[in-house]
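The following pair of complexes shares a single chain, chain A, combined with chain B in the former and chain C in the latter.
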Partner chain A sequence: MTDQPASQSERSAASGESPARRRVVSGRAALLFAITLAAAWAFLRLDLGLVDLLPSGPSLRMAMDFFSRAASPALTYESPETPAGAAPLLWKAAQAAANTVIFASAAMSLALPLGIVLGLLATSAWWTEDLAGGKSQRQRFIGRTLRPLVYGGTRILIAVMRSIHELLWAVLFLAAFGLTHLSAVIALAIPFSGILAKIFSEMIDEAPRDAAHALRGAGATPSQVFLFGLLPRALPDMTAYSFYRFECALRSSAVLGFFGYPTLGFYLAASFENLYYGEVWTYLYTLFLLIVAVEWWSGVLRRRFVV
Partner chain B sequence: MQCKAEENSGRNLSLNQVSVQYGSVRALRNVDLKVGGGERLGLVGLSGAGKTTLLRLFNGMVRPTSGHVHTLGQKLDSLSFEELRHLRSKVGFIHQDLNLIPNLSVLHNVLAGKLGQISTARALLLFTFPSSHVLDEVYELLQRVGIAEKLHQRVDRLSGGQRQRVAIARALFQKPKVLLADEPVSSVDPARARSVLHLLTDLAGERKLTLCVSLHNLRLAQEFFPRLVGMKEGEIVFDQPPGALEENQLQTLFKI
Partner chain C sequence: MSRHTEALTRLSKQRPKNRSARWSALALALLAAGSWIAGDFGADSMLSERRLANMQRFLLELWPHPLQPGSFDISVLLLWVRDLMGEKGFEATVTTLAISVAATFLAGCGGVILALGAARTLATPSPFLPPSRSPGWPVQLFWSGIVVGCRLFMIFVRAIPEYIWAFLLLAIFGPTSWPLVLALAIHNTGILGRLGAEVVENTESPPLSTLRALGATRAQMVFSALFPLTFSRFLLFFFYRWETCVREATVLGMLGISSLGFWIQDARARNHYDEMFFLILLGGLLVLIGDLVSAAAREWVRRQN
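Right, the complex of A and B next:
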């Protein structure tokens, strides 16, 4: 009978067939229905049908050629006329893998510190009561002017950095600076810092504040409270996430080869164009091994320091 | 000079007509209390009586809505933020939930007690390369509280009782003049509760600390504290030595 909105507490408190509970159930059903409707509409608009998965004619032959080589990647060049003195295929794949790692590492070593700094500025936890909530002139300035300016500005900056994909940044930088190593590294580093900053700031804001409260009570400064009370609690999650982003950087670094950088993508595209599918698989498996290696490395580190 | 003045104004704590309001809830109502230097005081009452609020007033983590708080002879509402920080570094507080950093070692948790007294740069140095002198100091403290062998263990690998001793060691590493403990024995069994209270009262004696401990176990409070303050619904209902307590006072305290 009551006409109150179903708040969170009411929802959990409501039991049996109370009007509030009935309203929640019908609300959920409506949401589910809306999602299904949206999915059906998208499929119809794009004219998606399973028939497209059954290629015919030349494309079928190409697909079969390609996938039939999955179990037998090339160990030597497939080209009949390999120039004399060329490095063996596997050695070239290893070099391409090394280049992929080098580009990704350079980008991450820029993105990590930048992501940490921007992430800290974008947390609400950094602007503690002590720093921005007091009555002194300095605190009032921080609370009323500096905090909205820096916090808001950082959030906008982060959003701009990550709203453009690394490959689009690469297109822009290649046009501006040409095919230099720096353009590739910066193209990767910009969106990666933005994403790291966003996720780091959320992880820090969600970290439990109990230890921070205790340190504040023992006279620690705001930056000490942040560094020693809050950051250590978010650090395990931040480490795991950084490894995941390193993995993403490896994939993007490989794709940068399509623009002409000597990473896996460069050789992969060349082999693909020449229809040397065995070589394509060799490079794909190399990339797979790289990802597995990072996974293993992060697992070892996490077992040692985090869990 | 200042040191001498601090010595004289002692290790006193006092509340003068203090009220604390959280929104519409009145946590404390016109409370007057004086605690002399080196005194050991047990604060008893049901949960929700205002014990935690009262303790937190003394390190400025709770601000009074009206009235004045004096800690170590200083009037809290007249202090600048820097002065308040300095004062807080002299007040050890053992939280009910301990509030340790679970994924750091015992050593680092104890070192964190020193933060209020050093710069951030020195703190970073202290945490990454603690000198052997500092290590000895922490080791001795841990020995005193009975967990010396856990120096390099991570806190989340310790038992509840061991964690509590880490929290005590962290407070002591501040070299405090006052030790405040909020329900230190609420989550331990009676035998262990006695050993924790022994430890706290002995430490207060050795180091001449003013000690305030909140408890809801009246029997333990009577056993360990020469002065008991009973609280109910934000007010002090009695303040006397345990021997002088009368039956009807206890009944009013624990009647809901």
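Right, the complex of A and C next:
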């Protein structure tokens, strides 16, 4: 979730009024209107009445019960009879958190290399002669034949990989292999490497070309230009985005628990169905702490890295 | 030659070293290796004979069943697709789309409000101006309380995935589309609020400080200068989140509301894997179309600048 380059819009916003600018505002207003219209259609289509938002009777009591436990998450089991040998609740939560991290980082360790390889193949920078300078016979061959094949093929592959949600991959693999841990990891890794590849290729294509041009002028080969001129310029953004994806992997890994894997979602669903709302909040706060830890780590790294 | 090598070694010794990056890289490598050791990911169990046979059968069942005899008849296939689409596919796709649109709209509204509260340049005693000398500690405390409160809330709501929000809300609101819409909206409000706060904090413009210096209230500043200045950047994020909402909306149906996910789960429960596979592909197609529309919209917004 690195920011889109904002400087451009800032500059033009600061450049003041012009005839073109007045048209802009009405264009924006039209867009805003279109969005509101689309939302109105959606609300009507789904039959979303505001009355349904006011739960009544038992569901109101349930909501009150649930949210009132937010301030007092359970520290011990809520069930009246706990088996004698059971580990303490907090230990169980820590273990579920550890499993969540294990699934997420195993998936990321597959997705990251694959995403980098596919991302490099999907950059237009890699395939343009721009990096190489002159046009030799080999480059012309690459430009005409190889480029559309590999570039187009990679793009299609990336699109297919990421357009199917990780939980749907998980459903497919569940049906194919049953409940094996490896299939959950692969189900997470496929769409994640597709998304990483797409974003990486965009970041490399948008990275500043100054160093690449300098290296090319000094006579470096295309691959040297790419590896030492272009890639390092995109690396900070790529790192930040990978951390964000790790965060997403943690969330998805927690949700995989709903399919029977031993991550946070599994215990959360079980506690909720038993109406042990305090335990639910314990698991929710555990997930929250995990995400905050990753965000903090990424923040520390980014401050040192970028500035 | 040796002079050059010397110069190069000297330069490489002088290059800025990044301790935290190295430690992080090491820690991440250890984490990855550790997770493969600690997790029970034995590949042999996945490739056992029984599982391979299972997989083979499964792959065969993905093929549309009217075509089962091995002959390929396009009219039979089209008939099958038409029946599926007419029965549930079309309806479910439109519902999925509507859920994503409604949720993103709500998330956008919530995100704008939270962004204003979480932006440190706006929620201070002297917005967009150098800090005034003595605002008094209660005032200072009040404003930092708002910023911290908004940020904590945003981190919490986005730390919890949409699927879990939907699961919890389903028990409260019952089987309408509200739980799904609200779940997507809550999670994305946190994300849009955070991104929006960054946009506001990165906006440093003379009009804003001038307005404040002339005595404009915060509301006046927001409506007359901040919104026009940040609108298009916020829209970029809005469309970007809509893309992910479409993706998530297909899946949330698995909890039992009739978006695509519901029918996918239903087909799986009935062991109609061909139908399941078709609906999964349909969801993928919807996501791809959503991506294209969003990319076009973002491009348009960018060009408007």
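Everything below uses one rule, namely that the second predicted complex is superposed on the first by the 266 of 307 C-alpha atoms of A that agree within 3 Å, B and C clash if a C-alpha of one lies under 4 Å from a C-alpha of the other, contacts with A are read in each partner's own complex, and residues count from 1 in each chain.
Note that in this section contacts are C-beta pairs under 8 Å (C-beta built on N, C-alpha and C of every residue); 3 or more make two chains touch, one makes a residue touch a chain.
Predicted, not measured: the structure shown is a model, and the values here were computed from it.
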Clash or fit (per the criteria above) of chain B with chain C on chain A: clash
Once chain A of both complexes is superposed, is A:G217 in touch with chain B (first), chain C (second), both, or neither? first
Is A:F33 contacted by the first partner chain B, the second partner chain C, both or neither? neither
First (chain B), second (chain C), both or neither touched by A:S183: second
Name the contact category of A:A106: first (chain B only), second (chain C only), both, or neither. second
Give one of first, second, both or neither to describe whether A:S163 is in contact with chain B, with chain C, with both, or with none. second
Mind working out whether A:R233 is in touch with chain B, chain C, both or neither, as first, second, both or neither? first
I want to verify the contact counts: of chain B and chain C, which reaches more residues of chain A? C
Figure out whether A:W91 sits in contact with chain B (first) or chain C (second), or with both, or with neither. neither
Quick check on the superposed pair: does A:W296 touch chain B, chain C, both, or neither? Answer first, second, both or neither. neither
When you line up both complexes on chain A, which piece of chain B, out of 43-51, 79-87 or 133-141, runs into chain C? 133-141
Under the contact rule defined above, give the chain A residues that sit at the interface with chain B and also at the interface with chain C. none
Which residues of chain A touch chain C in the complex? 1, 3-4, 6, 8-10, 12-14, 24-25, 27-28, 31, 35-36, 38-39, 41-43, 45-48, 52-53, 55, 59, 62-63, 66, 98-99, 101-106, 108-109, 159-160, 163-165, 167-168, 171-172, 175-178, 180-183, 185, 251-252, 254-255, 258, 265, 268-269, 272, 280, 284, 287-288, 290-292, 295, 297, 300-301, 304-305
In their shared complex, chain A is touched by residues of chain C numbered 18, 20-21, 24, 28, 31-32, 34-36, 38-43, 45-46, 51, 54-55, 58-59, 94-95, 97-99, 101-102, 105, 108, 155-156, 158-161, 163-164, 167-168, 171-174, 176-178, 181, 191, 195, 198-199, 202-203, 205-206, 228-229, 231-233, 235-238, 247-248, 250-251, 254, 261, 264-265, 268, 273, 276-277, 280, 283-285, 287-288, 291, 297, 300-302, 304-305
Going by the contact rule set out above, which residues of chain A touch chain B in the complex? 130, 134, 136, 139, 210-211, 213-221, 223-225, 227-229, 232-233, 235-236, 306
Write out the stretch or stretches of chain B touching chain A in their complex. 56, 59, 61, 80-81, 85-93, 95, 97, 99-104, 112-113, 115-117, 120, 123-124, 127, 170-171, 174
